[in-house]
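Shared between the two complexes below is chain A, which has chain B as its partner in the first and chain C in the second.
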Partner chain A sequence: MIKKIMVNEWRLLSREWATYISIPIYVLLLAYGIASGTTWKNFVIENTLEARALADEGIQKKVAKLDRILAGEPYSYREDPRLAAPYARWLGYEFAIKPPMPTAAISVGQSDLAPSYLKVQWKPMHKQRNVDEVENPQNLAVGAFDLAFVLVYLFPLLIIALSYNILSAEREDGTQVLLLSQPLSVGKFVMGKIALRGVLIIGLAVGISLVGLLVANPDIFEANSLWRIGILAAILILYGAFWFGLAVAVNALEMKSATNALVMMACWLVLVPITPAVSNISAKSLYPLPSRIELVEAVRRADEQAAKESGFERAFYADLLRKSEEAALEASTVDFYLKTLPLELHAEEIAGPVFDKFNNQKRQQRELAGNLKYLSPAAVTQIALGELANHSALNFEHYKAQVEDYHKIWREYFMKPVMEHRNLTRDEMVNVPRFTYVPEEQSVVLSRLLKDALALILFAAVTFAFGFNRLKNYSPAKR
Partner chain B sequence: MSKSQTDKANQSLIRAVQLCKKYNGQPALNSLNLNIAPGEIYCLLGANGAGKSTTINLFLDFIKPNSGHAFIDGMDVQKHPIETKKSLAYIPEIVMLYRNLTGIENLRYFSTLAGHNHYTDEELYGFLDHAGLQNDASNKRVGGYSKGMRQKVGIAIAIAKKAKVLLLDEPTSGLDPKASNEFSELLLSMSANGVSILMATHDLFRAKETGTRVGIMKHGNLVDDLHTEDIGHADLEALYLKHMHD
Partner chain C sequence: MIWIIARKEFTETVRDGRFLLTGFVVFFLFISAIGVGAIRYTEDQAMRQDATAEERELWLNQGKKGPHAAGHYGVYAFKPATPLAFFDPGYNDYTGTLQYLEAHRENQASFKPATDGTALQRFGDLSGAMVLQLLIPLLIFLLCFGMVTGEREDGTLRQLMSIGVARSKLIWGKAAGAGLALSAVVLPCVLIGAVLAAVFIKVDDPHLMIGFPTKLVVITLVYVVFFITLTAIALSVSIRAKSSAAALTTLLAFWIVTALLVPRIASDLSKVIYDLPSSFELAEAVQKGRAEGPHAHSPNHPNHKAFKKKMLEKYNVERVEDLPFSFLGLALEEDEKVGYEVFDRTYGHVRRTFVKQNQLHEIFGLLSPFIAVKTLSNAIAGTDVYHSNDFSKSAEAYRRQMVTILNEDIKKKAVGMSKYESTWGYKANKSLWEQIPPFDYDPPPLATVLGHNKLPIFILIIWLVGSLALLSYSARRVKTVNQ
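Let's turn to the complex of A and B:
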């Protein structure tokens, strides 16, 4: 029976001119979202490769310079690449790269807040200048037009457009009485109408997303990422099912088509843009971050305290440095860094609690926002798509933690020769530790995605259960 | 109830037992008892708001009774809403169809829903022809149909359903006299085949001509129930007007 209703619905839809406008636009938007995400991914791949090449070149150049020095090329003290502290602080650097996943085209993510590579030197990571890709600020403000945007924001709009009046139109057009005088329950009839639209809209979303992503990003096949594509399909089906469930629930309230449209648009507004924004604002209000000025002040006070505790007199050494005598320079520099580097570490320790508080608040904000996402299926879907693209906030935190660990390794590596009053050896220069990004364990990402999928199942089940339960008492005689 | 009455009730294809319906506490139908046997054409007469459409809607399970029972082919419509609809066909006052489908496509869809997906195109055209729709109109979209043409497609849908019970809510409204007359003949031929027909109408003439029984309703009560053979046109009109003026 449902199949027969679907066939008739298809016949009816195929004779509506609006179908021939909305469906091609929808297909184009999906295709554009994939193309836009893929272009961004390729751009990031290019940038990260360039950054890595730049870091490689920096190391090679310094080794080459050393080889020339060892071969007898004259050099000044400042030009000696073996000086450990200058190497660690400004001459040397590493770009800690987070290469995009093969599925990165699904969601561009917040490239301004979550860059794909970070420069690592001696200075604390929070003082490191953000070296991310130069992007038009207008683009960042508006947000990316990627597949995630089309699926989270526009996909529900098409569902609303094609299903807000599935039952109310039958009532208003007068076809309902003849229909429901047939041996057919109103629930089954609605199910048939929804099924056709579901197959059409969700089917197109899943089909085009999967085929488009695989064609534009063949590396997905090579990188054991097919499971991510499978989960993308499941998330889309569940997210779409929720919106169809909402259409059933709203139609079961026996309101006019115009009222249904208004109610569904209000639901879209509340669930898609408003709830995620309110969740973030709530998280920020409940766990406010200390102001940046407070942080800067804390660092300054810590520097002063550390300097005072160590009895280190900067002025004296600065003065000494200004003399610029080669011998004095060498002596003072070695001494300067011998004292300065531990001093900086001590200052960071003093300022540590402020940073801990800052990070703790940030973590709590993230956790609360993470829990509040369950208020909106759109937020759940957006975050799940971010997870699939490896662009979620948690993915970035995982990367950042690796960069922090690497930063410690960088410091320890160069601290050793400084404390031993010696230069770097050639071997040490060749074997400067490099950063290698390790993606999160598949099981960890899967467990988060499973929670998202379960939340979407619950959203869809509640709307469908409410709708079909109300339809049991639906009165076809009501006008 | 005597044995003969019980037997008659059991044979009835359309039966109401103490059927009551209230809207917001206001009675729309009071303790209706009705038995319509196979082959009977029962015409419900009454002013607007008398309870005719309410009665039909109760047999269709479109509304729930406050008390009492409605039976179609021996089955309680509330307990067997789907099964009873297999046995009945319904023609509303205004037949509304899918305007983007042709007459034949509408007929095919509704027949399929009724469980008759085996009809050939020839058979479907035959039903439309039987209902009086011109052949050339069958393949045109219903959006361009007149009310009478839509009504004829509604009749074709009812014929194609081959139901034991026919519920009609002012079905000839919008039909020209010739079509109305053809419709009456159609009802008589269906009645001859054992179909029980319950028809709400304002047309006293058609009720007397076509009906085997007439019931007059007023304020939700069936105030009179008589056989058409026992009363003439003028007497029926006089009786009807008398009830309306009481």
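Let's turn to the complex of A and C:
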């Protein structure tokens, strides 16, 4: 019987002009979202590869310079690439890159805000300058027109447009009584209508998203990322199911079509833009993050305090200068770095509690926001899509933590020769430790996605249960 | 007659539970947003002022050191938040909050608050402006969609016509009624919001308050024009639609397309048409340009040698110690000059591209009044990209002044010294640090802001005139029954 209703519904839908406008626009938007995400992914790939190549080249150039020096090329003290402290502080650098996942085109997520390549040198990571990608703040604030936007914002709107009046229109047109005079329950009738629309809209969303992503990003096949695509399909089905469930629930309230449309739009407004925005501001207000300005000033104060405590002063060797400018420069430079490097570490210790407070507040704020997302299926879906693209806030936190760990390795590597009053050896210059990004464990990501999927199942189940339960007492005669 | 109709519409509307509920929700959201915005603004502004004062203290009391070392110690410039940011934070979360000013480099404003945001950051922050720009329009549509179609469906429109009510008077009366009902929601929002702002907000910097009352009047005017435009559109749709459901669907579709889709499409297209360099391309261009300089710290670099030769020849001496100015000072000065040209070209290109992208975005205002009103609201609140760029330019001008004073000091005071002596031996003290005035950024005056926003002003006027003309035209052609 449901199949018959679906066939009949298809006949009706296929005769409505709105179908021929909304469906192609929807398909076009999905395709545009995939293209836009893929373009962004390729841009990030290009930049991360370039960053890595630049770091490789930097290391090779310094080794080549050393080889020329060892072969007899004249050089001044400052030009010696073996000087460990200048190498660690400003001559040398590593680009810690986070290459995009093959599925990165699903969602731009945080990747336009958080850099995917960070320059690592001696200075603390928060002191590294100009790390952001060049982007117009207005465009950042408006957000990307990616697949995630189409799916989270527009996909429910199409569901609302095609299902807000599944029952009310029949009632208003006077066809409902006739239909329900058939040996058919209201529930089954609604199920048939919803099933047809579900197959059409969710089917298109899943089909186009999957095919489009795989065609535009064939590396998904090679990189063992198909499971992410599978979960994308599941998330879309569940998110779509919730909105269809809501349509059933609203129609079961036996209101007019216009009221149904209003109620469903109100639900969309509350669940898509308002609840996440209110949750965001609530998390920010309950766990206010000390401004970065405070951190900067804390570091400045700590630098001053450390310098005063140690009585730091740049040494000037007038006596050596009489012998040779180069000898005096070397003595001053060696003295400077011997004092400065431990001094900077001490200053960081002094400023540590302020950073700990900042990081603690940030963690609590993120945890609260992570819990508040369960108030809105749109927020759950948006964050899940970010996870699938490896572009969520948590993914970037994980990357930053790895960069911080690597930064410690970089410092330790160069601190040793500085404190031993010696230059780097050729071997040490060739074998400068490199950064390798390790994505989060699959099981960790999966467990987070599973929670998201369960939340969406719950959302969908509640709306469907409410709707079909109400339909049991539905009065077909009511107009 | 118009007044009678307006009163009737107003009474009917405020008796409608749907309107009351929605109005209350909007009111609650607006007041919450303003309250949170005011508290956050005050804390933020106080912290910026404290940090600015502390930064000045640190600069003045940095002790004896070489002026170039002081140039590397540098100064942090903190972008002040303009008072109306409590209502419309605009792009403040997406622009850097501070700029590190040091020798050799034009650093970009860094630490965008959004980078430290939660996973929900991209849904945006609830703000007073968001409520007025996105939710009040929906309230207007809710208010107006059935004003004419409802009368037609109930058969009362025909009766009204039969007793001699002029079509135009009826429609203008309904428009006035809608305006009254809307005022019943918006006015308490504005009044209580203003009280909250007055209680919570303390602005100690008088510069920030320059032109504040005028800005308030202009921003109010912008929103009034916006609401009138949307009311006219909604009523026109109600006149022309065949049913209330059709009117509502049309208006919701209009909202979705113009408030949601068009801004994102405009933003995406602006990126495609006016391509920005990647941070790599930018860094490479800066590095390449600066490599043309005298390499003040690398005595064996060919450019350094060439500059040294040029200076020795210019002043007709044999050794740098015999130059009338310190060679280090001269080399640093030259290095900065090369840098200025490079930074103006490279970062200037980025800023000009931002302007072009934003102008294209503004042109899309012809398709969406939401773009025009958001652009103007951000501009008047001082939270747009123009203000952010203006701050950066002002900070960079300060940096140039700072390094010029420092390099001048080396040039004059380290005369006769070798490079080692002038770098490591010569030390300046507080009297030099005091010669550099504190950094104080004043946002541009309203006239300048409006001058930069002629296009969105023009577009908003087009929307106003167009929508009123449409309403006037539609009002004369009200049909009593569907045909």
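Operating definition for what follows: the second predicted complex is superposed on the first by the 464 of 479 C-alpha atoms of A that agree within 3 Å, B and C clash if a C-alpha of one lies under 4 Å from a C-alpha of the other, contacts with A are read in each partner's own complex, and residues count from 1 in each chain.
FYI, a residue touches a chain if its C-beta (ideal position, glycine included) is under 8 Å from a C-beta of that chain, and two chains touch if they have at least 3 such contacts.
Everything numeric here is computed off the predicted structure, so don't read it as measured data.
Engineer: Just chain B (first), just chain C (second), both, or neither: which does A:Glu297 touch?
Structural biologist: A:Glu297 contacts chain C only, not chain B.
Engineer: Quick one: classify A:Arg78 as touching chain B (first), chain C (second), both or neither.
Structural biologist: A:Arg78 contacts chain C only, not chain B.
Engineer: According to the contact criterion defined above, which of chain B and chain C contacts more residues of chain A?
Structural biologist: For chain A, the partner with the higher number of touched residues is C.
Engineer: Check the residue A:Ala393 against both partner chains and state whether it touches chain B (first), chain C (second), both, or neither.
Structural biologist: It touches chain C, and chain B stays clear.
Engineer: Applying the touch criterion given at the start, work out whether A:Met265 contacts chain B, chain C, both or neither, answering first, second, both or neither.
Structural biologist: second
Engineer: Using the superposition on chain A described above, determine whether A:Glu412 touches chain B (first), chain C (second), both, or neither.
Structural biologist: After superposing on A, A:Glu412 lies clear of both chain B and chain C.
Engineer: For A:Ala277 in the superposed arrangement: first (chain B), second (chain C), both or neither?
Structural biologist: Only chain C; A:Ala277 stays clear of chain B.
Engineer: Name, in rising order, each residue of chain B that touches chain A in their complex.
Structural biologist: 57, 60, 62-63, 81-83, 85-86, 88-90, 92, 94-101, 105, 109-110, 112-115, 117, 154, 157, 167
Engineer: Within the complex, which stretch of chain C touches chain A?
Structural biologist: Per the stated touch rule, the residues are 18, 22, 29, 32-33, 36, 39-40, 43-44, 47-48, 51, 54-55, 58, 62, 65-66, 69, 76, 78, 90-91, 93-98, 100, 105, 107-108, 110-126, 130, 134-135, 138, 142, 145-146, 243-245, 248-249, 252, 256, 260-261, 263-268, 270-271, 276-280, 282-283, 297-300, 350, 353-354, 357-358, 361, 384-385, 388, 418-421, 424-425.
Engineer: Over in the complex, which chain A residues touch chain B? Could you list them?
Structural biologist: 1, 4-5, 8, 11-12, 15-16, 173-175, 177-185, 475-477
Engineer: Within the complex, which stretch of chain A touches chain C?
Structural biologist: It is residues 36, 43, 46-47, 50-51, 54, 74-76, 78-79, 109-110, 113-115, 129-145, 149, 153-154, 157, 161, 165, 256-258, 261-262, 265-266, 269, 273-274, 276-281, 283-285, 288-289, 291-294, 296-297, 300-301, 304, 314-318, 321, 325, 328-329, 332, 362, 365-366, 368-370, 372-373, 378-379, 382-383, 386, 392-394 of chain A that touch chain C.
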